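In the two complexes below, chain A is the common chain; its partner is chain B in one and chain C in the other.
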Partner chain A sequence: MTTQVDDHAAIELMGLTKQFSRSTAVKDLSLRVDRGSTFGLIGPNGAGKTTTMKMLMGILRPTTGAVTVLGTNVFAEPLVVKQRVGYVPESHHIDRWMRVGEAVGFCRSLYESWNDQTCQQMLDRFELDPNKKVKQLSKGMLVKLSLVLAVSHEPEVLLLDEPMAGLDPLAREEFLDGVLRTICERGQTVIFSTHSLDDVQRLADTVGILYDGRLLVHRNIEELLVMTKRIRATLTGGHPPDCLPENIIWQRVQGREWLVAVGDFTVEKVQQIRAQEGVDRVEVIDLGLEDLFKDFIRERKAVS
Partner chain B sequence: MARSERVSSQSTDSDHGGGATVSALLGRPDRSLVVKTFATGILQAAGVFAGAAFYSLGLSQVTVTLLGGNAFAGERADRSAEFIACLPLPRTRRLSSKLILAISATALIWGINLLVLWILVNLSPELRSKFNSPDMPLMLSYVAITGLVFYGVSWLISSFQSSPTFAVVGGLLTPLLVIMGLNGLNAAAWATDMDVRSVDRFVGIGYAIICPILAIVGFSIGTWYYLTRIEP
Partner chain C sequence: MNIDPRSHIPIYLQIADGIRDAMATGIYSPGESLPSLRALALDVQVNPNTVQRAYDALAREGLIYSRRGKGLFVAEQGKADARTRAQQAVRRSFDEGIRTGHATGMDTKAVRTVFEASLSAKDSRASNPPARDPAEK
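Now for the complex of A and B:
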């Protein structure tokens, strides 16, 4: 059963929910990632990033909802999807008794589109010795081997699930460099989850913020940064105005200072605030991705 | 063997006139005694080997259980299942490799041991009378049936467990539970009317029927569950 959903969509999640015995990890998640784009999924620990990635890879069945990758239903035709997708998981469980060369040979035998040249280039770039046993590799080297195995069959979609967690800055840099080369050389669709907002800002075209299994925002990263501002106002009475601007992401009153983060920022919104009674001075502050992320999560935490 | 070498060196020494002292110490060798001693040694060794081959058939059940119990749970325990799950490797192929391994190991162990038994039994009339009893095929059948239930049940538990230990122990306990169940049933229903031989026959027949069924059902459900499961 092949579900042709959208020719331009690399990935489509429709109403995805994953319930474990005592908790719901992902709640009604709908998402569309275009072909050739790079999507960064960020969220605090336990937000549901890894669960989402596993469902995308077809190794975890959702309770409800559908997942299509490159127009193919992941659970109806898992082998077809796995031929076209590369996956670097959070923890690497390549058989430890294997040598690097044997792991490469094993994977090579399973992929129709395996490219020996690409594989060799990456092994050389990462200085991975084919005769070394997997159990002898450091964490950084293991992540690199995982990336080699994930990209050597030249997948159309590359899924990276917090692959850089626990890596030293140098290994991280080399890994990112490898990913960037892959993106630039082949125009692959990359979906990656991470805690590092710097990496997202560096790699991603679009960003999604996941919290408590729900997607709070999914937007082009530059657009999001331009359209989301923090406004700092001084309140004469110590109370925020009655008429608040639309699309408030987060706000806080501390003494006479009122901080409010607003989405879909316009000059009119500032003027609206300035015109309110009891507002003395108004200042607009640009937000970095980290501040923006914090504001989204703080508000959600306050609500819950 | 040592004695025969000793005798042989003695005769050579005598031929050359240098073994007089040895001859004086040991006396003239009795060739028939040497042959008899040698033959007895061979027969004793054959008896030991035949016994070992027979017990090895019994112990092969442990190997079979370990293979069944580790089939799926083993790769979940060391988490290599997660690595394999991300690869385009059909589950039917993975399943076939596990089956081929179990069948090959069992065939190898049984093949070698049965061959050893057959050769030794044919060499020695004493062993022939011991191992060619009418009960022997029945005994071997029970060993085989026990192996089947060990494998089938441990395979089933392994298909949904992450602990090979649970799967192996589950497999090993099943025949015991079957025997206990049959004895319990017997005790509850017919204890007053049946003699010891009838009870044995009842348990034996029940075991021979229930265990293969359990093995087949366990293996089938385990296979079906593994093939339809999405998670590693």
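Now for the complex of A and C:
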């Protein structure tokens, strides 16, 4: 039997679960990211973002489930996959005693192909001096070096694990510029995790919200913004109507005020709410990514 | 062009609006070329795929067109669009105000009174500008 290889998928996670001795970090995670697109993974601390990234990179083995990158099983052929993937980890593992030029030479030796020109251009643009010791680099410089080392072998997929955390605004902008340039020039797939919703807005085509190891939503970012709305209504009797709208993300009743965030928003949904007994003054509130993210997380917190 | 990542308006629509504004104010005139995907993506610091969606939207409306190998250009229609757009923008703001009015239990007459009051307040402010603080830039 031959397995169907999906040419359009850059990565595919199927029913991924990762158990550690005391906890389950990732729970039945399935996800597919198309080639040439950028996927942003957001979630609070401890949601399982880094664990997911490490499984994608083949550094951590899932308890159950499968990881496919560019049609290749990450754990069956780890070296094949590593040649085609670039990775900027959360904590940088470049040997501190090396000089920048030596770190470049070392990485260069690990890959079958290496674009010296790209590498040099990026080092120049980031003003990374080849003679400088890695341990003398600022955090921002180190992250930028890490990006140079992750893209100079011209990978088809770039994984960035919270790369911009702790960077000053200027370093952040330069890093973002570096990532955007590689996307412009090479059109590679980018998978990144972050706490910054601004970065998601600037970089991502699709966004996933991870909470407590579960993927709550994975959607095109424009659709998510347009289709998720918060509705505010006055409840004359102080309790929500019997017939609730479908796909409620979060709701709260405080006194006579009813706030309800819904996915798949339509004008009909509002009309349905308005038509119900005990509901008055219905108002639709647009949500930015931050409020939307909070509504998704709030509901889960209330449940757990 | 200003991009607001905190806004509820998708970035590609913000970019499309930014380009429309640039056409309306004459930054881009009919027949002139628009920045390349790459140039605009790096300029406003967003993914080139997002810029592509903005350009696609404008092309669908006939405001810009592409010439093979030469890039994107502003269509004649781009300029005519500016006025309609201004009217639409004003209308959208009014609609919003009317909705708020109705949501708080005002009838059309009450909304109109408020609207007239704001208009005349604006007019009188325009004819008697407040004295400027000399320290202000």
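Please note the rule applied: the second predicted complex is superposed on the first by the 299 of 304 C-alpha atoms of A that agree within 3 Å, B and C clash if a C-alpha of one lies under 4 Å from a C-alpha of the other, contacts with A are read in each partner's own complex, and residues count from 1 in each chain.
One rule holds in what follows: a contact is a pair of C-beta atoms (placed from the backbone, for glycine too) under 8 Å apart; a residue touches a chain by one contact, two chains touch by 3 or more.
This structure is a prediction, so every number in the text was calculated from the model and none was measured.
Undergrad: Would you sort A:226 into first (chain B), second (chain C), both or neither based on which partner it touches?
TA: second
Undergrad: Considering only the touch criterion stated at the top, classify A:201 as touching first (chain B), second (chain C), both, or neither.
TA: After superposition on chain A, A:201 lies in contact with chain C alone.
Undergrad: Contact-wise, after the overlay, does A:111 reach chain B, chain C, both or neither (first, second, both, neither)?
TA: first
Undergrad: Is A:15 contacted by the first partner chain B, the second partner chain C, both or neither?
TA: neither
Undergrad: Please work out whether A:238 is in contact with chain B alone, chain C alone, both, or neither, and reply first, second, both or neither.
TA: In the superposition, A:238 contacts neither chain B nor chain C.
Undergrad: Thinking of the overlay built on chain A, is A:166 touched by chain B (first), by chain C (second), by both, or by neither?
TA: neither
Undergrad: Please name the chain, chain B or chain C, that touches the greater number of residues in chain A.
TA: If we count touched residues of chain A for both partners, the winner is C.
Undergrad: Does chain B (first) or chain C (second) touch A:286, or do both, or does neither?
TA: So A:286 only meets chain C here.
Undergrad: Taking the superposition as given, does A:184 touch the first partner, chain B, the second, chain C, both, or neither?
TA: second
Undergrad: Identify the partner contact of A:46: answer first if only chain B is touched, second if only chain C is, both if each is, neither if none is.
TA: Neither partner.
Undergrad: Could you give the residue numbers on chain A that contact chain B in one complex and chain C in the other?
TA: None.
Undergrad: Which residues, counting only chain C, touch chain A once they are in their complex?
TA: Chain C residues touching chain A: 3, 5-13, 37-38, 41-42, 45-50, 53, 99-100, 103-105.
Undergrad: Name, in rising order, each residue of chain B that touches chain A in their complex.
TA: Going through chain B, the ones touching chain A are 78-83, 85-90, 230-232.
Undergrad: For the complex, which residues does chain A have touching chain B?
TA: These residues of chain A touch chain B: 57-61, 75, 78-79, 82-83, 87, 89, 91-96, 107, 110-111.
Undergrad: For chain A, which residues count as touching chain C in their complex?
TA: 36-38, 173, 176-177, 180-181, 183-185, 197-198, 201-205, 221-222, 225-226, 281-283, 286-290
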